[in-house]
Each structure stands twice: as structure tokens, then as C-alpha cells.
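Below is the structure I would like to discuss, written out as C-alpha cells.
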Amino acid sequence: MAIFRLGHVEVRTPDLELCAAYYTEVLGLREVARDENHVYLKGWDEQDHHSLMLTGANRYGLEHVAFKTESINDLEDYETTLERYGCTVERIAAGTELGQGDAIRFDSPTGHTMEIYAQMEKVGNGLPLFNPPPMPMDLVGIAPPRLDHCLLTTENVPDAARFMSEVLGFRLTEQLVTNEGYQLIVFFERSRQPHDIAFTRGANGGLHHFAYWLDSWSEVGRAADILRMNGIDIDVGPTRHGITRGHTIYFFDPVGNRNEVFTGGYKTDTDWETITWTEDQLGKALFYYENRVIDSFVSIYT
Amino acid sequence: MAIFRLGHVEVRTPDLELCAAYYTEVLGLREVARDENHVYLKGWDEQDHHSLMLTGANRYGLEHVAFKTESINDLEDYETTLERYGCTVERIAAGTELGQGDAIRFDSPTGHTMEIYAQMEKVGNGLPLFNPPPMPMDLVGIAPPRLDHCLLTTENVPDAARFMSEVLGFRLTEQLVTNEGYQLIVFFERSRQPHDIAFTRGANGGLHHFAYWLDSWSEVGRAADILRMNGIDIDVGPTRHGITRGHTIYFFDPVGNRNEVFTGGYKTDTDWETITWTEDQLGKALFYYENRVIDSFVSIYT
Amino acid sequence: MAIFRLGHVEVRTPDLELCAAYYTEVLGLREVARDENHVYLKGWDEQDHHSLMLTGANRYGLEHVAFKTESINDLEDYETTLERYGCTVERIAAGTELGQGDAIRFDSPTGHTMEIYAQMEKVGNGLPLFNPPPMPMDLVGIAPPRLDHCLLTTENVPDAARFMSEVLGFRLTEQLVTNEGYQLIVFFERSRQPHDIAFTRGANGGLHHFAYWLDSWSEVGRAADILRMNGIDIDVGPTRHGITRGHTIYFFDPVGNRNEVFTGGYKTDTDWETITWTEDQLGKALFYYENRVIDSFVSIYT
Amino acid sequence: MAIFRLGHVEVRTPDLELCAAYYTEVLGLREVARDENHVYLKGWDEQDHHSLMLTGANRYGLEHVAFKTESINDLEDYETTLERYGCTVERIAAGTELGQGDAIRFDSPTGHTMEIYAQMEKVGNGLPLFNPPPMPMDLVGIAPPRLDHCLLTTENVPDAARFMSEVLGFRLTEQLVTNEGYQLIVFFERSRQPHDIAFTRGANGGLHHFAYWLDSWSEVGRAADILRMNGIDIDVGPTRHGITRGHTIYFFDPVGNRNEVFTGGYKTDTDWETITWTEDQLGKALFYYENRVIDSFVSIYT
């Protein structure tokens, strides 16, 4: 059993066309496929079919998150472990989600629908596997190479932490705790980066944001220009996180789902020791330069 | 069995004092410990006791490379696998190498002495585990956060490739091959980066270079300034590799061991598909901007 | 008559020692000299004796700003022109201000004490004039190379604009105006950069901030780290200005004088055409990423 | 008399179409106009009609360089001064060169045709003069904002230096001299940057290169990628100059005229003191990282 990446997120939108335009032209993802009610998108350097699925719906928010695991045989193991933990697990046939192989779907105790899959159609990154140049020449907008992580909300963060580590095998990289040691925000990884997924206190099933990776602070500055020249409001940034040490900008897609571009941070190997932040340092933990809590950031999620 | 990182390299030097000064003041590593004939060093963000061990000797070159594995129980499994492959494996008691736990040592078919260990004293990165700032304020010189990879030489590259993948479980990220498909350079990873270790054609047991990580192209430019202001000759760079897409500078320590600072490149997950370069593109594969083979780079190793 | 640079600013401080420590260790200026009640400082790449003069006083704020002109003969011409405009002009003997040659001092209609001088002792930038390296190796803190500009407050901005252009010969690079075309903020240059000095509405004689130059957006990010790791609050930034297009951080010295580090922007030649911003775009004009007025920024000055 | 900028260069090409494609699509200049035998181009942030004029001819090389001066009245003064120095000066009527006002043309003692003009049609930088965004959104290729400088060859460098300073009023920023103090390369400015024009030893009338400005080392790295992905050979770089401290890449247009992209360096005010390099440091003076003379760079010009 070895989940190795946050594979993709499925996000709802009441305006599929508008969001498709925004995600391709401003954020600069590649549109891979679409059907009547879905648009499938990916960062340019991703080989798999999609990392973002937009789904038409009458409200915004998260439909599901999906993790990719190493082997098709892992599915049965995860199924067993999940059921033993009390989750209801459902088998999803290959092709139910475009490009995706066999999968399992379950309701996480955090109130989110999650999937695990091992196979997805490889559509390539637009570069040859022989003597490739370092990047494509037809990039548009911010053009992040890949999905990085997401932050979800849940009523009981310690429960979420236990589930993520004991059931799904994630490693806790950082946490923010009350003076009594109660976990308020927890950060988990399976791909040797500061976080693949994180949970903060809020309604069960909520999405705070999902983030695409950028390669440098210079790219973060360029992203801010592109956002503002396209009339997209910036929620916070460019700034640095205390937690993860990464550089960041937060902003919203046209229907209100929060996006992030993220870079930097450390490499997390399996011998990583968890870093702990205390609640009185929440401002610094979130935004190292501002050193204060930003209201919209902690109050708005979808 | 899960090696997850190139743990450290041990390099010989006929002038231990001079090298200790260079590696701490110019490259900007932290000196952790020293005894009569060894100096132990680490990048500032490494938690483990050392990633570089300088050993006094009457010639330069590589003494051994060591991989860190997840569990102490892995050692026995690797021992079995290695002996089945025909390697002579030796147990090394904890503390034989300062700070290191139990380990196994073996002669690789590539002519290199290699070690695998699971435990090393944690000396920390100079930052607290509670509410840490993003970096220390007393960095000196280039100050890379961590060891990244090494490139070794061997007479039979395909044999090296087979050994690394079949015995040690590394994944082949890129390779450069002749028109007939014979492997000339091979790149392997276990830590989700473009390479942890690579092999190129040359004498068995040789060291081409070892590399420390930098965080950005801006840091690479700053490294070039620091090197030259300290009178260190640059072998190649700042430039970009075709292979790995990374940015780089090559240079030599005062006794002739080749160093690299490296940044960028892609993230390699376990579903990575190998990229292949053909020999006629060697120049571009090595140095994407120069687009040509640089004599010193392909002829000098230690 | 050719003023070519904002030469230096003199700023008051109720705590001279504390400010001297801050400006040398955090901002990273060089201390050149001090006497009982003054500390003289410069950016590392400035050749002249000082660009900042700290003066002990029982309150903070601006004591005077000084412009450097090309020739000692310009002083008499400026004297004539200023007196014709109604200013009281005083001759200041060489050495009255440490390192400075003959000068004239006058009260600007904006309520500020201003000086013009042509000669200042050259103390050098720490690099030889023969075969110099690109920078010194002993820089500390943010370490800006040079003073860039200052923003002063005045009750009557159009009057300030007329004075700066007609009497002192500055060129108007940008302006922010009401819907009726009344000037609220004006930006002037004599050194081919976006601004050497600017005026915004406020009390006569006030100082909004003075700014030191940095070489890049990467340096701006590094400055934010240094400020926060030293516990200095950031007022605004890192962000981009609409006006000047420059990148910026605002912050305060320990007694409350606002500092800025600034980079980027365009080159202004003498055929520059003034850019005009309208009051309804004030937020964007000031902070292009935030796209809104930041209260502390428009309400606090000294 | 106040030349304030290198206004434009006119360069010959045996293949006007090919060069027009290269300069617009790879270097990323804007094509402003063309007639049967000329293509007029500009950097995106230049307001004037053109900074580069491509002229069809049966060989490559420089046709003329032109300086912009502040006032139309300067032309007569320059005419007098030039004729007194022994130059033959010709009046060029407005419109002879597309977009250019009245001008004077003369043969410099360095063997180059030079022009001085005060007026050129303003075509704008693609941004409004009211509330402009920081940059256009339709940039292509490297997309430098403006022309920076050129390096010409001449048999007698000291004569060139005397002419540039005494007749045209340029300031000598740096020079490289033999052990006997004979000038081999000289750098001159009128626009407060490290150089607007420079001369090195070679045939009279020769062009070594002309350079466009980039905003940062990050942009220099991006330029290297764009050049190589378009199959353009890089002559030298990315690297840093000792002289000017600037960062640079040299490369050739499709017919053999050498181009440069350049950034960084210091600000030169009118109180600048000349920096002198000695011939034995030629390698470091030219290429600070390589620390050696690069044959193609010193042997090839047009």
C-alpha cells in the first residue's frame, strides 16, 4: 500500500464555461478533454490525464479528492483497511472517470469523498521522451507544471490526522496546536514535499484551497502580475508561509473556489521530524511576512 | 527494503585543513565534528550528523557512498539480496563512522565501496522544532541546504544500471544511449527528484562529482559570484542541463574533487517514465545552453 | 544648474544607538562616521560620504533632504532662482555637515528644509578602482547598494509640483489626480529612474518614507525574510506598485520612520511622457497586487 | 548639447525576411513598420518609432548608430563642434529615416557613420498613459523592453575615447588598458547606466554587438532557454561581466550580427569615477565566471 501523490481534485462550478476559460487562460492549465458536464485539466508537466476535474453543479466546492497509489493490488489492501476503520468503500470501474483505471471510493471521516486509483491514461507533457527540451514553447498564463496539494476543512482535526496517518499512511510534517496541544491544522505528505494534503478546522467536507506548484519566487511574482492584469483579485500574497517555508499567492477562481500557487519549502524524507506551531503564532505560521491572521483567509472556504 | 536518500559521501583529501576551510567557508557547509583524520560536514538544513566526510589520504577521490534506508530491518534484507548477487557484504558496527548506526558495507560491481544504514544521530538544522524561522541567520558562503546526488564512473554502465535497479531498487529516470541502445550514462532516484545517483563510463570506482542542492537560479548566480570572489575556478556553468532540466555550476575543491551546485528539475513520482537521450545529442544533454561537450567535464574525474 | 541625484536625507531619532544598530545590522547600511549626536551611513555601493544622517532629537521625522548638483557654480544659480521664487536661502560652509562641501540651504514651500551641494568627500564603495570584484564580501543584513528616493508630504501638492519642476528643474514622471485633475501625488526625477523624490498630500514638512534600492525581486524576497527574522514589522509588501511598476516593501525603523526597499521600474529619459493615474485607481496605483488602499500606508507619516 | 541615449542602430542583412522573423519571434522586438528594403523594430517599452533598423544588403554589419539629443537646437551645436574636429557633417531631412525628425550625419574618426537627432515619432509602448498595467500581455520571445548599448571596433581606441568624450560629451565609465596604460577597450555613457556605447580594438567601422536590456538574472536564464529552444547558438553566457558587473548572454542573429541581452550593473551618476582594468585581467574583465578570454568573442565581429 503506497499512495505516492495527490492525484487530482474534482471541483464544482455553477459556470463551467467561465471556469474552463479561467483555468486554461489565466491559471494556464491544459484542457485535456471535456464532456457535457466536465472539463478535465492538467498542469503542463503532468503525464497523467488530469489533475483537475471541473464539474458543472449549482454550487461551488469540492466533489472529491483522489490519491494515486503504486499498484493496482494496493486497492484491495486499502479497501480492507478502510472497511476495518468503519468506512464504506465502493469500487469504481475503470473509465467511470475519464482516463482513470479501477478505483475505490470512500467517505472519509472528515466528510470528504476520496478515491484511490493506481492507473490513469498517460497523455504526456507535450515533450518527447527522447531528447526533450526543458519546457514546451506554447505555455499560456501562469502555466504551473503540476498539482501540489490541497487544504480541506473538518470539524475534528485530530480525528482527521489519525485517519490520514493510520489508515492512509501519510506522514505528519507539521501541525499547529492549541496551548493544550489540540491539533488545529495538520499537514501530511506521501511525495517527499512539505504537504500533499492538509486539514484545518471548519465544516466537514469543506475545501479551503487547492494549490499548483511553481518553480521559483520569480514565477510567483510573475503569477501575481498575470492574475492582476486579468482582473483576478488576490486574497493573500505574494508572501511566505511560516509553515512549509513556501512562497505563495492565494486567489479565487471565477465562482469562488480558492486557488493557490506555491513554491519552495523543504524536502521531506521518511525520517522527517514533525514541526509544531503554537496557536499564539498562528499569524506567523500562516503568513510569515504579514505576521498576522488575515480574516478572509481563515473565514472563507467552500 | 526502502533506500530513500543518498545519505553521505566520503571523499579523500591530501590536505584536510585546506579542504575543511573550503567546504565550510566557500561552499558553506556546517562542520559538525572532526577527529584526527576526518572532518564531518552537513548542509544547513540536514538533520542528520553529516552528509560529507572528508578523510585525510595521500590522494583525492571517493572513499565510499552511503544510502539511508527506512528501517534497521532492511539491512538484513539488503545483505541477503547483495550476497545472492555475488557481493561481499560486511557488517559495520554503530559508531564506527561517527554518528552512524549499524550499517552494511559492500563492494559494488561498479568498483565503489557502498554502505547502507538506517540510523544516524540527529544534530538538527539549527532551527527549533517549535515555531521555526525559515532559515538560520548565520549562513556563510554558498550555504546549500542539503546533499543532492553524485555521479560515479564505471567501465560497464549497463551492469551498473542493472545492479542499481534490480538489487538496490532505484528507478531509472533518464539515460543516454548509443545509436545501438547501449547505455553510456544512467540516472537513478529513490527520493522523488531527478537523480540521487548516476553512473557514466570511466574507470571503475571513480568519482565524477557530488552535488549539493540550491533553491533557485538566483542562488546559482550568487554561488558563481561567491566561487569566483574566493578564487575558485568554475569548470562549467551557470548553465542548464538537458538531462534533468536542472540548473548547475561545476567546480573543484582545492585538491581536485569535482563539486556541483544543482537546482530545479522535475519531480519524479513512482510512475515516472524513463527519458532517453541519444549519443548524438550528448552536448545538449549535458549542457543545454552550450549545446556541446566540454572537454574538461568529460575527461576529468577522480 | 543640474541636480542629478537625491544626495542624502537627515532623519531624527529619539534613540540614536538603537537606530544606528538597526540601520547597520538589519537594513545593512555602512556606518561611515559618528559624532555625539549624529551617525552617518551609506549604501555599500555609494562612493560619497553618506546618504543617510541620523540625528538625535526628541521626536522622529525628517530634518532635511539634500540634492547633489554637478558643479559648485550651480549653487549661485540655484540661490538666485530660489530667492526670485521667494525662498530664503542660506549658505552652509563646507564641513558644517561632515564630509559635505559648500552648500545652500532653503525652506521649500512644501515646508521642508532642503539643501543643494556639489561636493562630498568620497569614501569609496569598498572595492578598488582597478579590477574590482562585483561586490564586497562582508555585506550584512539587507545591504542595499544606494539611496533611491523619498516621499514627502505637503498641503498643496500642485504648488510642490510647480516648485520642483520650475525652480529645481525636476521632470514629472507620474502623477495621481482627482477627477477634476487636481494633483494628489506627484513623482519627480533627475537621475533617469522613476522617481528621486515625490510628494503626497499631508502636513507640510512631513516625511512619508525614504527608500533604498535593491537589485531584483529576489532581493526583495530576501529583504522580507531578513526583516521578519529580525522582528521588524512589515507595513506593506512584498508587492508591486502600479505607479513606477517597481517592487517594494515598506517597514518602519525602531522609532517610527518609514523605510522602503525598492527595485525595478522603467528608465526615464528626458523625452519621458508623464503617466497619469486617476483617484478612483488609487489602490491599484499604490499596490498593484492588493488593488486597494492600505490604511496604515495612507494615514501614517512622520 | 545633451545626447541622452543611444537612439537606434541600423544593421545590414542579406536576408531581410529571415532576420525580421528572428528579431520579432525569438528576440521578441515589435515590428513597427517596413518598406521595401527596411524593417523598423523596437523593444516593447520604447515609446519612439524604432531602436533597430534592419536594412537589406549583400553583407551583414553596421550601417549607422544614432544618438538622441534633448533639443533640436543641439544639432547646430554638434554640427559646429564636429566640423571643428574635422568631421564632415551632413544634414538629414526629417522623414529620410522613417519616423525620425531633422538629423545630422557624420563619419566618426572610428570609421562609423553616426547620426544625432532630437525628434522621433512616438508610437507608444502599447500601454495607456492613464492607469497603465505594468506590461503588455502579448509579449513574444525574449521581449526586451529597450535597446541598451553597442560595442564598436576601431583601430585607435584612445582616439575614439577622445572623440566620444571631448566632442560628443560622453563620460568614460570603465576602461581596459595595457600595462603601459594604452586603452584597449573604453566604455561610455550619457544615460546613467554602465555604458551606452563602447569601443574595442579592431577594424575601423566594425560592429562587435548591440545589446537589449532585460530586467533581471531570471530573465537572462529565460532568454537562454528561448534562444536554445529556437535553435539559436549561444556565443557566451549566461554569465557576469567583470566590467559593468552586468549579467549577459551573447548570440548571433541568423546572418551573423552579434546580439546581447544585458542586465544589472551599477547606476552611473555624473560624479562617477572611472574604473580601470589591466590587460592581464582581460578574462575576468570580460567574463567574471569563466575568468578567461573566449576566442570567438574576441575574434569575431562584423
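Think of it as A, B, C and D in the order they're written, each chain with its own count starting at 1.
As a working rule, contacts are C-beta pairs under 8 Å (C-beta built on N, C-alpha and C of every residue); 3 or more make two chains touch, one makes a residue touch a chain.
Quick caveat: nothing in here was measured; it's all calculated off a predicted structure.
Of all chains, C has its CA centroid at the greatest distance from the CA centroid of chain B. When the C-beta pairs in contact are tallied for A-D and for A-B, the bigger tally goes to A-B. Inter-chain spacing, taken between the CA centroids of chain A and chain C, is 44 Å.
In terms of their C-alpha centroids, the spacing between chain A and chain D amounts to 48 Å.
Separating the centre of chain A from that of chain B, both taken as means of CA atoms, is a distance of 31 Å.
In chain C, the residues that reach two or more other chains under the touch definition are 134-135, 216-218, 225, 228, 240, 284, 288.
Those residues of chain D lying in contact with chain C across their complex are 2, 4-5, 45, 47-48, 68, 70, 122, 129-132, 134-135, 145-146, 191-193, 213, 215-218, 240, 242, 245, 264, 266-267, 269-271, 273-278, 281, 284-285, 288. Note for the complex: chain C touches chain B at residues 133-135, 137, 216, 218, 225, 228-229. For chain B in complex with chain D, the residues that touch the partner chain are 217-218, 221, 224-225, 227-228, 233-234, 237-240, 247, 284, 288-291.
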